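Following: one structure in structure tokens, then a few remarks.
In this document, chain identifiers A, B, C and D correspond to the written order of the chains, with residue numbering beginning at 1 in each.
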Amino acid sequence: MDVTEMTQLLRDFSAEREWQRYNTPRNLALAVVGEVGEVAELFQWLTDAEAAAPDEQLRQRVGEEVSDVLAYLLLLADAVGVDVAAAFTAKLAANAEKYPVHLARGTAAKYTELG
Amino acid sequence: MDVTEMTQLLRDFSAEREWQRYNTPRNLALAVVGEVGEVAELFQWLTDAEAAAPDEQLRQRVGEEVSDVLAYLLLLADAVGVDVAAAFTAKLAANAEKYPVHLARGTAAKYTELG
Amino acid sequence: MDVTEMTQLLRDFSAEREWQRYNTPRNLALAVVGEVGEVAELFQWLTDAEAAAPDEQLRQRVGEEVSDVLAYLLLLADAVGVDVAAAFTAKLAANAEKYPVHLARGTAAKYTELG
Amino acid sequence: MDVTEMTQLLRDFSAEREWQRYNTPRNLALAVVGEVGEVAELFQWLTDAEAAAPDEQLRQRVGEEVSDVLAYLLLLADAVGVDVAAAFTAKLAANAEKYPVHLARGTAAKYTELG
């Protein structure tokens, strides 16, 4: 499913409920945080080994919370006028330049951030 | 751009750098938080009016940080075995049932969460 | 109430329940995020004006969620061996130097972060 | 150091710089998120074992970022009119009732949240 299509579904969902006025950048930034908090709660008491072997219930819950984060994130981008597909492609290209394969191999991620 | 295609690009990016071992669910959950923090910083001192009228520089920065959140979010979903397109569709359908148009119109979002 | 005393109360609370093994830095970092998400949810659909005039119910809810963030934050500092009172004093002094009164007055906060 | 005293130091710091107008609840909630993101970044690529054996550099960095979170958290509570010491004491008492020692011992934290 295309992110532009996803964004359109979210717009329609909001419009049908006359919720567009709530979709301001700062509201949506806070809403993203609320949903990221729910993602964090799913993993907070798990060992790394437990989290690496998710059962079907955990996978289901992660799918739901990741979807909520994604929904608010796409609405936030939309509210600010960001083309997510274009921004994503540009950022990945910038990261490829920032972390050249021959320098980054096997070592970089631990000490720096992807983006 | 399709989310499955995005995920594949991110997998390739990690594999070329031999970073796959860092892509554990808990690492990626924390990485999502780090990038969401950067989104929040863009909006923390803006009034609602300023945020609603973003200039090109703010739009650019939001595009970059939203892309970083999205990248880690898709890698997290991938690490847990979540099909993001399917999960997103299912969650949107669940929300449509939870917030029927005739009840939710213009009022619900303020007091409840979307998801 | 002194932060050192607060930390001791939290240690005792955990010890009585034999929860110390859960109080690892990464667990507690994720737990902080979960509770910050709940703080964000309290404010996500409010206008700036509504948030600036909290009723007793909102004040009560903020007090609860701020306390949860604070509890996990103090346990995180404790797990890493940080003396919060000393760190706080040192950071405030560093910020005072970073943002001299005659330069920062009335303008700096909007464009930079406190810390 | 007492949390009320900390709050007073933060108020003074803001007042000297005429930053009080930025200290609105939603601004401060977003600022907390920004700083929590910096805490998360410190731990995102560490194994649980590495995080459990912090070196002096990591301890120093955690102290700084925890202090930033704490500063914005106390300013947020202050902006909403919350007495943090009283709220903290009340929440701890509520949690003690919610998680009785004889039921919670050694098992509860994994499946539920502290608060």
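Methods note: a residue touches a chain if its C-beta (ideal position, glycine included) is under 8 Å from a C-beta of that chain, and two chains touch if they have at least 3 such contacts.
All figures in this text were calculated on a predicted structure; none of them were measured in a lab.
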- Homomeric contact subunit B-subunit C: same or different residue positions, threshold half: same
- Hey, what angle do you get rotating subunit A onto subunit B on C-alpha, to the nearest 5 degrees? 180
- Item | Distance between chain centroids, defined by C-alpha means - subunit C, subunit D (Å) | 2
- Taking each chain's centre as the mean of its CA atoms, how far is subunit A from subunit D in angstrom? 24
- Query: What parts of subunit A, by residue number, touch at least two of the other chains?
  - Reply: 22, 26, 29-31, 33-36, 40-41, 43-46, 48, 109-110, 113
- Note on the structure: subunit D partner, complex, touching residues on subunit A are 26, 29-30, 33, 41, 44-48, 109-111, 113
- Item | subunit A to subunit C touching residues, read off their complex | 22, 27, 30-31, 33-38, 40-41, 43-45
- Message: Under the stated contact criterion, what part of subunit A meets subunit B in this complex?
- Response: 1-4, 6, 9-10, 13, 16-19, 22, 24-26, 29, 31-36, 39-40, 42-43, 46, 48, 51-52, 54, 58-59, 62-73, 76-77, 79-92, 94-96, 99, 101, 104-106, 108-110, 113-115
